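Across the two complexes that follow, chain A remains constant while its partner is chain B and subsequently chain C.
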Partner chain A sequence: MPAPRTTAAVPPPAPPRAPVPPVPPAAPAARRPRRRTPFRSRLGPYLLLVPAVAAIAVGLGYPLARQFVISFQEYGLAQQFGRPAEWVGLQNYVTLLTDPYVWTVIARSIAFCLLNAGLTMAIGIALAVLMTKVGRAARVTLQVGMLLAWGTPVLATMTVWQWLFDSQYGVVNWLLAEPLGMGSMRFHSWLIEPLSFYGVATVIVVWMSVPFVAFTVYAGLLQVPEECMEAAQLDGANAWQRLWSLAIPMVKPVLFVVALLQVIWDLRVFTQIHVLQRAGAPTRETHLLGTYIYSLAKEFSMAGAMATIMLVITLGLTVFYIRRMLREEQL
Partner chain B sequence: MSAAGSAVATARGQRGGQRSARGGRSSLGRRLLGALAVAVSLAWVFPVYWMISSAFLPTNELRTSEPTFFPVDGGLGNFRRVFTDPTFFSSFRISLAVTGLTLAAAILFAFVAALAVSRFRFRGKKSFIVTILVVQMIPAEGLFISQYHVLDNWGLVNAVLGLTIVYVAAILPFTIWMLRGFVSGIPIELEEAAMMDGLSRTGAFFRITFPLLAPGLVASGVYGFLQAWNEYTLALVVMSDPEKQTLPLWLQGLVEGNRATDWGLVMAGATLITVPVIVFFLIVQNRMSSGLVAGAVKG
Partner chain C sequence: MAALSGTVRARERNPNMKMLRTGGAAVMAAALLGVSACGGSGEDAEAAGGVEEIRLWLNGTDTPQELRDYLVETFEEETGATLVIEEQDWSGLVPRLQTALASEGQTPDLVEVGNTQSPTFTYAGAFADISDLYEEIGGDRLLPGFVEAGTADDTVYAVPYYSGARAVFYNKDMFAAAGVEVPTTLAEFSEAAVALQAANPTGAPGFSGFWLPGQDWYNGTAWIYEAGGDLAVQEGDEWVGGLSSPESQEGLAQVQALYTGATSAPRDADSEEPWVPFNNGEAAMFSAPTWARWSIDLPECNKGVDPADESAEATALRGEQQACNEEKTGVFALPGTDGGAATVFAGGSNIAIPAKSGNQELARELMRIVFSEEYQTMLAENGLIPGNRDYADALGDDVYAQAALAAAENAKLTPAAEKWADVEGARILEDFFQEIAGGADPAEAAAKADELIGNTLN
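Take a look at the complex of A and B:
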């Protein structure tokens, strides 16, 4: 964007509340404050941004930049004890990207992410719609249940899920063996097989993520003006049509944000996988991107390169959404 | 609150309209949907119920072939054992310190930044907002090794301050985003009117807008509290010293501590960690998601 003045670049949005700072307290006050404000208000916003920018730069920006630089160096244990790091160009990336195992991890992560994000969105939207359709008592019951699940700390829920799927005394195995008669499941170890490991992880992740989607979409659905719905009803649209052709398109911006967040969150899923691995799963067969980077901790430059790759994948999966959001968002 | 109230009213009106149009046929369908909603609710609540229920049961009752679904003859034994565990209190102190510091810094920084973004027009504003959005996309899980090294260089590993720094940076983008929605939701005309009546710009802001912002500040405060209190990944990397662990690390340590996990103890610990969270959460949840919606829909 070469044009420095944003107002010139974007003609329509000069909203009712007009440009604020250029002429702020001005009118009624006397000369004195008037002469002081232009300078202050030009500098003011930047001063207000300083603490936040500094904190993000120190906590995120600098580690990110450093990691990026080091991903082009040879940096392992020896360098941590003072040996200077050597530049190796793209060698770390080449090593990683020619390793078929890395591609397996990437493919697994993307599959896991899309499956979980898709399931979460589908169930979340369905429950949001359900909330608008049922009576008050049923809705409140549903909301309270969701809130409790949503509010419980991740680690607390992770311990419960470990306990539920415990092979010896877990209630899941009991349920499958006793009332449902699958005797072979009595002492089944859920985490040994990669596929059932991911099944358990999916149940947990979806269970944790659905409440956020359901509540946010529900809040969006409530903002759909009643008049529109009534007009559509008078025109003969049935409930299903009103939902699909009217309400859902109107809450599209919300759906976009939520879906974007789900994809990001599910791609970087770490805690659930890490905890389940520690509960006794073969780590190499169950690594996703996050846990794989964690396992590379000792070889810092490799971890840096892998993290950069993960960042690129994240951007690749979300660039469509981000561009669309930026287009719809008038900044 | 009033927004939520009117939203509920809207929903009610909508349903009323539906009912009158569809007549009796829909009432059976609605009842079925209601039953479905209750069933889903039970499915979602079950793990939480199971955590609390197991927390009251002694170990020998948890280690039987038949699970006990209602802790009728349970007791407080597990909780007593948590409270006599000295590592619980040291972890509690660390968690409290990190959460408090993170909260104070994040709210203050985010508040002034949100002000700048929603009340001023300045060059670079758009790129700042875009940066905030993009920073949120950065997977922290791809950064923690580097964050660890940076903190290590500064001697801040296993230190409350070190963990606070990475938490504040992690929480800020979303907090700014959320508060921006709240600030721009308050019409600037209110401030202008007050300035017409003789208040300075700063005075108008603090007397008029600030009180209206209280719900937004509370909401983002609770968001920050939940993030810092519940966080596991960064704590795992930064606080490797067992003496310095936060509550989530302590809890996971209980599970892994010995071969046969003492599930009653673990569930009591999990319940204790959860209670304050649920309380805060129930208070503010509504505002949090409506804040996100506002930030997403409005400019």
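Take a look at the complex of A and C:
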């Protein structure tokens, strides 16, 4: 099954790690007199890499290779049950890429991804800064609240959100209509117009991702040395300048990684969109890449081709970050 | 995002920088591990101790526990082997079957599949040929539409398990308050629905004469069928969408009129749990399979008994409550254009032996038990129309059984196209009926939907 995976529709790009090491022949090396770096300590780091590399090769490498192969075949349900698969070359890709609807979905997904990642980062950083400024009680309350939001299983939270926005019995409509007096909102359907659908989806996705950003950035901000901040303060920098010109640049590597992950996660968002679609949205008008691939999944080859296209898009969106990150690693 | 790439002024060397960078890499690594840790949880079907074991997949809770026990016990008596029944959820069933049926290690030995999903698997070669068993388990007494859905190239692969036709439930008090009689033709039905909505006997905001949510194509299709239209028709080797035909358009115009004047159901709701607004006094009629009778719970009848309370007193109270609900609720088969019962959408399921199952003989034995007189009768007694029509009499002769049988008489399945399940998977009809509910031009919406259906089926 190539596409319909809720968690890992497209694997994130390879981590900034050394490639699989060719294991040098062990026996002769061991006998050689140890002059410079002992062989064992040179081998050690590579050995430590083996479990991670093996896990990635099995968990991501195989599905990825299989998806890639299938995308050049005609592979449907009948092939799954033993009929031989026919090679069709690039036909699946041509069919998809000449369909204007596919481009609409791609454009929608990228817009959704950038907007959500941007909002998540902005709110997450703001909350992180807030946590460094407020007193202990307020901070703990914030942290517990965010941990709960982060820790609750996605489907459980989705059920709650769905109820909140339910057009007939939802609390949101009731609040708008009863206490706030907007009678026309009493039976308003939030999901039926694509824009308002994405609005609801954005609220949910951002709500779910902000805690991760906030905690990570907060951890980063704690590492900013107090003396630098003090020095800046003595030099007359105001709070905004200290944050913007001192703290943020210092935690930039953390921000980069978090932003990169957000972009990847928001591009392949699936569960939230799928559940909201099932809650009554017009399906075709609201597909993003993840759900669109899922809808293709009866034609495994098409889904494989679309997933490969999505992988290319992900790499395209993140190549800037990855290159930059690798460069910073080398400094 | 702009906030991130702002003034990059400080490149000061700072010992902590290094640490922060490493911190970033650690976050990255943790996230990657999180991704790769999502392994599959395989099931081990190996039976212990040499006793043969076969697995039957039943979907949802439609098959009552009593029937399950009967299957397990009878199977053990007759074969000495063990039967394990595993309940599957209807939602997401198709992808689960796609993976499980293709693997010898994971496949169940007998499987229930929705009648509209049946052709997809039948054509794919997922099921074993049971043509030689066909006569023995009922032959032409089996529900013909369902057999058709389980047949490919004159070979029978899947046979009907049960069927449940939709009937209309109505609130008798509301009918009396609005001065409406039980309709006998489809036109009268629409009039009654509009009149009920206008009368709004309970005064509830958003009251519906007939509960018809925007995505409810299961019920909406009845109007298309009744007008002589179809969802898709075969022309030569090609399937073409049938929503644009004049007949379908006529039916759709009636559906749209209902959406406008006879229902306040949300456009973003589907056919799930239509009894909720009915129980809340927010709808006078709804349409559902007749086993929905057990879900009716009118406030004036509710005795506040805990459903888990097994005491004699509670059971008696629950019986009273059910009697009260059934007294206040009426049921009729949706009437046809010229009286009689309308051609409604038939729900139900087929049952088949997966081709990859390693226990073909035992599975066939179980199939024989399912189609035995005893079991078919038990299905009927529990309100399900059994796969073999000979035993439908056991449904009884109460109003529910009569409505179910009347509705089933003319019920019709979705087109028997190989890829029909894909149309449902893409939710084309949900989207389409939602547009009709929203007041879209039926001809335009139908043209668009027909194109999508045609593309999907061919």
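Just a few scattered comments:
Methods note: the second predicted complex is superposed on the first by the 273 of 331 C-alpha atoms of A that agree within 3 Å, B and C clash if a C-alpha of one lies under 4 Å from a C-alpha of the other, contacts with A are read in each partner's own complex, and residues count from 1 in each chain.
The rule we apply is simple: a contact is a pair of C-beta atoms (placed from the backbone, for glycine too) under 8 Å apart; a residue touches a chain by one contact, two chains touch by 3 or more.
Only a predicted model underlies this, so the values are computations on that prediction, with no experimental measurement involved.
When the shared chain is aligned, no partner comes close enough to touch A:V312: not chain B, not chain C. Within the superposed three-chain model, A:I192 lies in touch with chain C and out of touch with chain B [touch as defined at top].
Set side by side, chain B and chain C differ in how many residues of chain A they touch, and the one touching more is B.
When the two structures are aligned on the shared chain, A:V94 is found in touch with neither chain B nor chain C. Of the two partner chains, chain B and chain C are each touched by A:V254. When the two structures are aligned on the shared chain, A:G220 is found in touch with chain B and with chain C. Of the two partner chains, both chain B and chain C are touched by A:L60. In the superposition on chain A, A:T132 contacts chain B only, with no contact to chain C. In the superposition on chain A, A:A279 makes contact with both chain B and chain C. By the touch criterion defined above, A:A297 reaches both chain B and chain C. Contacts of chain A with chain B, set against its contacts with chain C after fitting on chain A, overlap at residues 4, 15, 52, 55-56, 59-60, 80, 168, 216, 219-220, 223, 253-254, 256-257, 279, 297, 325, 329, 331.
Residues of chain B touching chain A in their complex: 7-8, 10-15, 17-18, 21, 30, 33-38, 40-45, 47-48, 50-51, 54, 62-67, 105, 108-110, 112-113, 115-117, 119-123, 125-126, 128-130, 133-150, 165-170, 172-173, 176, 187-189, 195-196, 198, 200-201, 226, 229-230, 232-233, 236-237, 247-248, 251-252, 254-256, 261, 263, 266-267, 269-271, 273-274, 277-278, 281-282, 285, 289-290, 292-293, 296-297, 299. Here chain C touches chain A in the complex through residues 1-4, 6-11, 14, 16-17, 19-21, 23-25, 27-29, 31-33, 35-39, 94-95, 98-99, 101-102, 120-121, 123-126, 205-206, 214-215, 264, 266-270, 277, 355-356, 419, 421-422, 425-428, 430-431, 434-435, 438, 452, going by the rule given at the top.
By the touch criterion stated above, chain A contacts chain B in their complex at residues 4, 6, 13, 15, 17, 19-22, 24-25, 27-29, 33, 37, 41-42, 44-46, 48-49, 51-53, 55-56, 58-60, 62-64, 66-67, 70, 80, 127, 130-139, 141-142, 144-164, 166, 168-169, 171, 174, 178, 207, 210-212, 215-216, 219-220, 222-223, 226, 229-230, 233, 239, 253-254, 256-257, 264, 267-271, 274-275, 278-279, 289-290, 293-294, 296-297, 300, 303-304, 306-308, 310-311, 314-315, 318, 322, 325-326, 329-331. By the touch criterion stated above, chain A contacts chain C in their complex at residues 1, 4-5, 7-8, 11-12, 15-16, 52, 55-56, 59-60, 76-78, 80-83, 114, 117-118, 121-122, 125, 167-168, 186-187, 189, 191-192, 216, 219-220, 223-225, 228, 244-246, 248-261, 277, 279-285, 295, 297-298, 325, 328-329, 331.
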